[in-house]
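Next come two complexes, and both contain chain A; in the first it sits with chain B, in the second with chain C.
Moving on to the complex of A and B:
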């Protein structure tokens, strides 16, 4: 038993104080967001934000949830495209990286350069748009949301360099044991590369989850709109309404109690809320995934 | 309802084909915004509009609304480059750049078509459309609205009745100084004057200065001068009077002490929440001198000085016809139809009566922003003067605004569009100098005596002289070609 001295206690109190303070910095903004989303719009306008709603109102949620299907649908689209895009993306990128990482593949230099080249010089927005809409005819399909991220040059290069760190002798010995290339890829290289795969998967998933630009460019069909784009559009529409209020005049009476600031925050809560509850349960797997293989046993 | 409309549409289409008419021509109309979130009723409204158009014009329109102006602006260059089918296109200087697209040949010239196929549009806006000329041709129809710029002042009615102010005697911005003093003394919780934009900027119409198409905070030309000449604003004596006025007000405490730190949005919010007493503006709408304020009560507006129309107010909302369209003439006819038929125009702007708005006894309308269709943007669809007056607005305002537009002096530079190719560097450098000096110096947050010379020197270093010379050269060439004196 170690005796506690006054100094220890002081240090402990100080440390806890700093940590509590830091935790507050993280929690208070969230609380304010929730509070704003539950506040009366007019009160917000006149008295500003507060940590707890002065005048409680669920108007913002009522407004957004007038069409709950749109929100649920957008969630569905985003979840589906994230899962499909991540699974197939990691699969295809690792399949591309596998031969390119092999010292016994003759054309790896040229092909790697070909992949690398697209990182330096991209086609530009207009040509990309033309290819997607006219050649591939992908506009207004679910495909367009995740097909383009199946291969990302940067991630392929990342995987190539990781695969290279796997000793070539292992591949050779597997070959001697009679393993086919597919078996080597599936049974040896992939299991040994879990940390790299996890990293790439996380990068791809985050990108797909936050994707709105692709939707903006290619999606007109209501039922295929992704979550982020849906929210962005709602916000822009609100701003547009406010702008029109300025331009057209008489707006104050017109717009009435249409929620604006509170609706934005309500949307943030609806969009981030489920993730905040889901993430802690998956966090340990994420951490594990990133740690796998880092300690050689 | 939706199904009935669709059925009615099919029936009309069937009938017309049975009776020997051709199938309705389908036009594609691209525009921003369009209906409030969650847009549930857009299709219902479009179907109803199409039913009327099919009957009367043998036309149906596919309305394409990619999003609010920001998204619209990102998307349209792509759509046009991809050669997507489009006939009518909303275009302006702030979303889907008009001059750029027109000079790239994406729009069809309308000079000869308008007088022939759209006589009302031509009669109403002939003079204004000079501003929409690019390389001598008109490529768009202006959705007529307030175009005249007039410096004006607004303040809430309670303060007016409390202090007994009389705005009829207002001649210049300096005249409000005693009122600012009263507010400062008597209303400690209010900021006497909002400086969302500097006083001098709001007073440009009062001073008779208009822009040349770029850097409106730095460059200007005189509306009423004998010649077309571009100059640096801070070299203009009258402009400097405004800067000095603002400085003296700042020193007397009539402006917010920390005004420099507020963003445009924050100023807007402070105004909407009733934390400022006076606010200047540069657009004044006759007939709408008293409007409801967001924080309750009324806002009273008082104009001073002359009104004039500048090119930018016209190319703020145009509808162009795609040069690739196979139905250019029909498209122009459709615009004329919307321009002259209040029934259709109000349907596309406000939705369906009884469902998206209700009519009051005095012929005004009360829209319901939550009913699933609410654009509140008549200016995107065309002739805003055709719009039904909204509850709380003045039904006579449309006519008064039209008259003001006609009466107001037209800036000489209307129709001049600047070619920036040779002066891009200077524009970028002058812009960054402006970003550094403009707000603090012109508002008078810092002493002009000391800082104006610094601002001037920095502008000189950034190449404002070459900029002025090049713009003047283009102006002279343009004035000569168009016989402007």
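Moving on to the complex of A and C:
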């Protein structure tokens, strides 16, 4: 047994201090953003931002929701591409990881290398852009929002190492009972791998939900703009108006009336919010899923 | 046979979006004309690589990329392992869970959202930092044109984003250490610090090595969002935040110079591949084949 001494307690208190400090560091900036989004615009302009709203106002949200069509459309695009990409991503990657985790699969070495090599070498941005736009002609489609990013070698490897921890005897005895490979995959392997599947699903969903770059590259059609890219453009337009308000003269008066500063923050809240709600549900699987993947990988 | 069929979707997707672009690298040696397509455009030898010797820009952006990434590769494991060990030592299940959740939050935000969060702190007129320094009598700073501060802001934001994720990975690694080792160390009279040095660090080292090799393989690749979104695309700040990916992006979207863009990408990928192979070989050599990625 390790003795509890005064020094021991002090060390523990110090550690908690450091950990609490960093935890605050992570959460406070987000609370600040929420607080600003709920502040009165005129007060913000006079007194600057503050940690807590001095004058409470939902003006920023009202302003954004007066013309909600673009926002709702962007939500729809992002939700759809996230769901499609996550469902098919997890399905395809687990389908491939199952054979690749089997010691008796003949092409295991070759296919694993084929997958792994994409982590070591890539064609780069420009060839990818040309393949997507010239060869596959996917620009301005919903597909392009997830197809280039929904399969990743890292996640396949994470799944392979998780599947390997399933006793091979279970697979063998099912085979003796006459089950087909697909049945074994669907009925035995998948149900036993919930932590790994949830982890990979979360990683893929996160990537797709936060995707702005593919939109910026491939989407010109207004109705297919994703949430993050839409927000980026609104921010840019606001910045542009702000920088040019002296030049445009009348613009300044106009700007004073719009909830500019608080609206930026409200948009950040709206864009990040849904992920924040989903996250705790995955959390319980997450540490376990990542653990097996990283330790054995 | 059935097993092979299960692999087909992944093989096809990777072929289309990873292997076809690799074949597209031939464009680095071609004068790309949209009408002639990738295969029909004429060969021009090494002409697309001329800008490497013609201007210093590529070396500047390479320097930026490598320096930022080196800082991340070194600082991330030090801080994350530190936090992971602290989580492990405090040993309170409920608290550990709460810490993990909070640490992990920044990882969930897109760079667009992070750029808005940072704007709340850095805005010249309303920002919290300027309000705070005004209290102690310092004049407001125009952060979005204060180029000297940006290497630190970028570093800070990158770490803020990544530390939680890495802490969880290292914490998971700690959980996998056999408790018997700690008990044996305690019986031998090892204190907290000695247990850390002689049990925790050696047991975690393989994970750290793997994470570092992965980092080194990506040392020529920057997380584009961090460098593009965070400075709100301020032109003044470009010299401080210009990285190879940003340069390629401009070659593609602003200059429309596909040949040059491909050439930069090839340079990035080849350097990255060489570095991974060398680091992995070195790591295996030094540890006599025990530690490495493959």
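Just so we're on the same page, the second predicted complex is superposed on the first by the 185 of 297 C-alpha atoms of A that agree within 3 Å, B and C clash if a C-alpha of one lies under 4 Å from a C-alpha of the other, contacts with A are read in each partner's own complex, and residues count from 1 in each chain.
Just so it is clear, a contact is a pair of C-beta atoms (placed from the backbone, for glycine too) under 8 Å apart; a residue touches a chain by one contact, two chains touch by 3 or more.
What you see is a predicted model; the values in this text were computed from it and never measured.
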Partner chain(s) touched by A:145 [first = chain B, second = chain C, both, neither]: neither
First (chain B), second (chain C), both or neither touched by A:208: neither
First (chain B), second (chain C), both or neither touched by A:279: second
Which of chain B and chain C A:240 touches, first, second, both or neither: first
Touched partner set for A:198, first chain B, second chain C, both or neither: neither
Comparing the two partners chain B and chain C, which touches a greater set of residues in chain A: C
Partner chain(s) touched by A:92 [first = chain B, second = chain C, both, neither]: second
First (chain B), second (chain C), both or neither touched by A:190: neither
Contacts of A:77 with chain B and chain C, given as first, second, both or neither: neither
Partner chain(s) touched by A:125 [first = chain B, second = chain C, both, neither]: both
Common ground on chain A, meaning residues reached by chain C in one complex and by chain B in the other: 45, 48, 125-126, 129-130, 134, 217, 236, 239
Residues of chain C defined as touching chain A within the complex: 2-4, 6-7, 9-11, 13-14, 16-25, 27, 32, 34, 37-38, 83, 86-87, 89-90, 95, 97-113, 115-117, 119-121, 123, 125-128, 130-131, 160, 163-164, 168-169, 171-173, 175-176, 186, 192, 207, 210, 217, 224-225, 229, 232-233, 245, 248-249, 251-253, 258, 261-262, 264-266, 268-269, 272-273, 276, 294
Of all residues in chain A, those that touch chain B in their complex: 45-48, 63, 66-67, 70, 125-126, 129-130, 133-134, 216-217, 220, 233-234, 236-241, 244-245, 247-256, 258
Residues of chain A that touch chain C when the two form their complex: 1-2, 8, 11-12, 15-16, 18-19, 22-23, 25-27, 29-30, 32-33, 36, 44-45, 48-51, 91-93, 95-96, 98-100, 102, 105, 107, 111, 114-116, 118-132, 134-136, 147-148, 150-151, 153, 156, 180-182, 185, 206, 209-213, 217, 228-229, 231-232, 235-236, 239, 261, 264-265, 267-268, 271-272, 275-276, 279-280, 283, 286-288, 290-291, 294-295, 297
Chain A-facing residues of chain B, complex: 32-33, 36-38, 40, 64, 66-71, 74-75, 77-78, 81-82, 84, 269, 272-274, 285, 288, 291-295, 367, 369-370, 374-379, 384, 390-393
